[in-house]
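Chain lettering (A, B, C and D) follows the sequence in which the chains are written, and residue indices restart at 1 in each chain.
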């Protein structure tokens, strides 16, 4: 039963991801006084892409064609680890939060390789920048997560969320730091403004788009979907770790329903915040990103130190 | 113990010791080679005298052999060889002015004092005459070295070297009444060979640097150029 | 029996070395075989024909190479057997060999820790012996005689194995130096290049200094005990000061061999210039022997571990890990890059060992066992993937005659099998899930996260910082190896050589790396196999093992408790296969959507050339900007001008040199000081005999004055 | 005891033979025979000592105990192997016109003369004779140093002669003082016999003995090459023919050290202030460090290795100075392995210089590619002398280091520093010599490398395991010198 729920939850994750992207775009358009596309537009794009004949460069190797599957699977696996509507998932036990970060690294590794495969300057540029940013973001993210896991003394995400939930509302300075760190990292990792701009194709600024420039058809669909999934994953992480209330602790259908509603609400809210932020903030120069990320790293570190020194000192 | 309380032999030995020391001083201050060689021969002669005296008073016949050897080697052969060399090289008119002559002489004097100082601990166990003799011979050794350090002529070096031998010899005879015969013979043999070798070397050095100035022998060094 | 196979491993490696020596004695062998067949074994035409065929001039060198490497492989195999046997049976075997000093025969001790490192060496040597014959064939006999290569390889392996067996300081040092010297000759094997000679000299010099430090460390222990056997040294009771001195000396000695920053400089010089299979052994295996030495010295011989030592190790390890990977990233030379990456991995191991020490000293032996597990596991993993990558680099060099990754490209199409193996190596070293590197890093994080049990505020804040640095290191490593794989195998060929390259013909050259790659994957999926073995080692060493609280231990990895952290690689693999399978079948369902191949989009400018691709230095440019203080960057741009007023740029020359900070700040001053001192000392020898006499005179006077 | 007389008579016969021999004969080979017979005689002597213990001749003129007998065998052995090397080497020197028949004859005569002096130093019981023989060794070799008659060689020989002469004169003064001290307690005829002195050491006047030891140390120390009395050594080693350098380094220095140790034993028996030990430690360490530093700036390959000899003699002196059984054992072992290794190195160095036609380091290149045996011999010999295991030098240095650590831990870093500096100094020169491409026109020479192989093989053997009888021997000698057995 547990396993079934876990798999269903993973499927739900995957299915809902484009919706979140659609909602984000919707909010953003409204904020920018544009006419918004339908909430379901991402689904239509994916279906359309997956039915088109892909065109692949004659320079591409097998890695180029395999990479989208690997990227998507790794991201999907990461998604199954994160509690969405219910805690106590067996999948969370088989892969803890460090493994989740590992899955992201896995996906990124192949994405960057795929960017290099064709041998265009764009791909190389994208890979180089992606690896730079992620290598700064990943430690910051781990720092933020470690703050949480040390508080809960487990690296199992289910366990950690359950711990926060059971503890009730405790004001922890470390969580404030960790929250901000994780938000900053999430923005960087999912390629949003001010780090990357998902809607431009200008070589001076693009990162993610530069790598996938050569992809088309179902491959593009997979990668797009994976990145939407990643966006949602970060959203859920932020929502459920720091504000776990509402998530179901039992497999009771009613609780599950409430859990689903709660997470949808939290995500919707988060997306609105993100849309506002993206509307208000301008994109940074590439070499300002390091300062941004070191700030995130610093926050993560402060979070951890404040946990160790202020909260758990003996 | 004063000198008047000792026997004639001791008195004689001490007088000769003083003379031998004096000879060393004379050599140290000498800047003409021929005179240097002459003083050296004189020292050798005093040594011969000491040896025969010792042989006579101590009834030690083998010391006569030593005395004879000393006479032949140090009074006749070596001075002759050196003198021939000097004349041959035509450097007997050269005057090698010693730098800091006063300083060297004063240094020599203090060496004498130093010798006494060094050997002082022995005084408790032995007769003062021994101490005096040993101190004189030590200072002769040291003065010989000082001679070598202060003089630049190879001939002077040989003289210095041999006068060190003289000092040792004097010590051996006076302090220990002569070494065992076999050792004495060995030493004499070594001195002889050394003298011959010196002769050979003068030849070689002369043909190689056309001079006997040892300061010119400085190709082999470790100084960064 | 176990000891017998251990000895056999040593002897076989010796034998392979000695066998290599007879490469020039073909005629002697010929006459010997003629004689023996005519006199001793008459009427045996078949063996005789076989022997004679192999002794023919065109077959003999190849035959001998095969034989030498077969012996070496057997040595590796027996090392594996011995190691596994002792680990599984959880024994301690001691013995004595009547060699060495008259009152101190060589003491042998083969316990689980030695056994574990035997396993590492055995696997490495076995893989190398599969790979070797094909690789060394390209050396010309008159320039690079096989005799010296084979001899010193055999001695090198034997030295490493003997270090592990040693149970007294004297034999330990002999074996240790045998290892150093033999590998020195291997580094200097291609000595016609001045750079190689310089590297070899540097290597030997640092090995010597390190060995002296180790001797002194043993000396400190020995002066508090009666004898040099490890048993006697264990009994020595030292004050904290003296044991700290011993620790610092041992750290200097073993750290120099292991390549910890800032005493790592020999490593990136020496590893690249050795033949690739030797680089693999040096980087993959020899550094582990240094780790072994440090573990043996600190945890076994020094009875009381101090937590301050752990702090030292953590700081050094962190610095090495970060510096190692950042320097690695900047290297265009593949083997240099791999060597720097070894510095990084050794740094990680040191860091985790530091954690182990801290937990040990503060009275948490179970957590110390966890730390030791992580450290040993990482050592094992590093041996696997670094060996794999060096062997891969050897194949690349063999096929493209290049080591500069800016000159490669597009090899994934020319060399599909090599590229796959290399990819596995890159993924393991980047610690991606499903591969072994990830497991050990996961364990390292788990160890670091146990910091809550400590009371000391310094430690409580230091360890998280180290953990963060570890995370940064891992991320940078991923970036670095994306660069490596991407530039070598992907894109378009950047040089004529890589365009003409093709897969290796000798399949054994692939078999070695394939074995290692398979192990990387297998261990990544079933880490419990190795953890079970390491548990025995830490049980013997620390007296404590991990709790074995999970029955499904082959499936689950739950080092502390299932509640706190768990990881199940097999389940993850299954899930990954399912997920990939589903999306593959879903997206491939429509037969109309077969892939169409087309030219790459070139923005309409026409013609993409390989020179437009990103190079090593352009790929790492963002890092160079971000961490610019880490290196000494020497960047020169020179423009050729032409035209009427010399205003038009006709060509731009760009040169980039990245230098190590430790040279101008540590090594050059030392070298300068020694030279200056030597020059000053040289002044006493003026060449003037009167001065010399003056010395004698003065010495005499001074001594006489002193004495009275 | 007859064996001891044989040991002395054979080289004497050699001197006479070569002095009157016709220079057309193959003197190199005959020299080898003389030395081979002499080695047999020493082995006979050694077996006698091994069976009977210390042998004192009836006249008490000769004393062979476990300390000197192994040095005697070593001397004979190195004398033999060096003569094997010197035969083709000197023939080559003659071929290229550096030597005439007459000088070759002088060379072989003096070779035997030197061997005689060495045996006499070792076997005699009389300290006076020891002095005479030591001086005789100088006289025998001084003409060999200037054998080539180049200005440099004459200069070197002159310095050798004068410095050693003056130095050894001080040893004579020391000997006279000893004699003088002995005269206080006994009769004159036996007073210079070491065995007598040793028995009565307790009664000798300690003050006189201390002063005497200063003179003896400076005197024989000049021959050992202790800094700052070492200045003759590199000159003499580098300018003479290479076989001479080999025996000087391998034998003369050892025997001078032997003389010092014999005298130290007397002083130790008399005083309890360990003044002799401190002096030796001080000189040893100074020589060791300065010698190591000198290695760095050398331009001449033979000079390089002569500084290495200074450094190693310093280490032995230091070890003997520490006293104690472990250090003494280490020093004895070091004496052996250093002699073997250094003479092997000089053999290869000689050939290397012949291959390149010069002794200048920067001109000798690519030896392994030119003549692999010579190149490898030099490289491995250098490794061995630099103290890398499994060669014996490592064993002894290891023991010295541990003994230092045990007795004077604050000196251990200095010793370590010295070893490190010395290694770097040697290798920075040797590596470019042996490695690299063969220079144009450089050809192999005729060489007999068996001495090298045998020596290095022995050193390797000693490093791996000291054979039982030899270990026994060393232990006995250690007991003799330091009073207790190692561990």
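Basically, contacts are C-beta pairs under 8 Å (C-beta built on N, C-alpha and C of every residue); 3 or more make two chains touch, one makes a residue touch a chain.
Computed from a predicted model, the values in this text were never measured in an experiment.
Novice: Sort the other chains by how far their Cα centres are from that of chain B and give me the top one.
Specialist: Relative to chain B, the chain with the farthest C-alpha centre is A.
Novice: Which two chains are joined by the greatest number of C-beta pairs in contact?
Specialist: A-C
Novice: Measuring centre to centre with CA averages, how many angstrom lie between chain A and chain B?
Specialist: Computed value for the inter-centroid distance: 100 Å.
Novice: Just how far, in Å, is the C-alpha centre of chain D from the one of chain C?
Specialist: So the centroids are 43 Å from each other.
Novice: Using mean CA coordinates as chain centres, what's the gap between chain B and chain C in Å?
Specialist: 69
Novice: Taking each chain's centre as the mean position of its Cα atoms, how many Å separate chain B from chain D?
Specialist: About 31 Å, centre to centre.
Novice: Identify all positions of chain B at which a residue touches two or more other chains, and write them in rising order.
Specialist: 118, 121, 145, 148, 157, 214, 217-220, 222, 224
Novice: Could you say which residues in chain C touch two or more other chains, in rising order?
Specialist: 679, 682, 684-685, 689, 693, 696, 700, 704, 707-708
Novice: Residues of chain A that contact two or more other chains, please.
Specialist: none
Novice: By the document's touch rule, what are all the touching chain pairs in this structure?
Specialist: Pairs of chains that touch one another: A-C, B-C, B-D, C-D.
Novice: Help me check something: in the complex, which residues belonging to chain B touch chain C?
Specialist: It comes out as residues 114, 117-118, 120-121, 142, 145-146, 148-150, 152, 157, 214-215, 217-224.
Novice: Going by the contact rule set out above, which residues of chain A touch chain C in the complex?
Specialist: Against chain C, the touching part of chain A is residues 50-63, 65, 69-70, 72-74, 76-77, 80, 91, 93-96, 98-99, 102-103, 105-106, 108-109, 112-113, 115-121, 123-125, 127-129, 131-132, 134-139, 142-143, 146, 149-150, 153-156, 159, 213-214, 217-218, 221-222, 286-287, 290, 297, 300-301, 304-305, 308-309, 312-314.
Novice: Can you check the complex and tell me which residues of chain C touch chain A?
Specialist: Residues of chain C touching chain A: 409-410, 412-413, 416, 423, 427, 430-434, 438, 442, 445-446, 449, 451-452, 455, 457, 460-461, 464-465, 467-469, 471-472, 474-476, 478-479, 482-483, 485-487, 489-492, 556, 562-568, 571-572, 575-576, 579-580, 583-584, 587-588, 590, 592-602, 608, 610, 612-614, 618-623, 625-626.
Novice: Please name which positions on chain C make contact with chain D in the complex.
Specialist: 98-104, 145, 170, 173-174, 177-178, 180-181, 188, 191-192, 194, 197, 200-201, 204-205, 208-209, 212-213, 215-216, 218-220, 222-223, 227-228, 674-675, 677-679, 681-682, 684-685, 689, 692-693, 695-696, 699-700, 703-704, 707-708
Novice: List the residues on chain D that touch chain C in their complex, please.
Specialist: My answer: residues 158-159, 162-163, 166-167, 170, 210-211, 214-215, 217-218, 222, 228-229, 231-232, 234, 275, 279, 290, 293-297, 368, 372, 383, 386, 388-390, 394-395, 398-399, 401-402, 404-406, 409, 412-413, 416, 419-421, 423-425, 427-428, 431-432, 435-437, 463-466, 468, 471-472, 474-475, 486-487.
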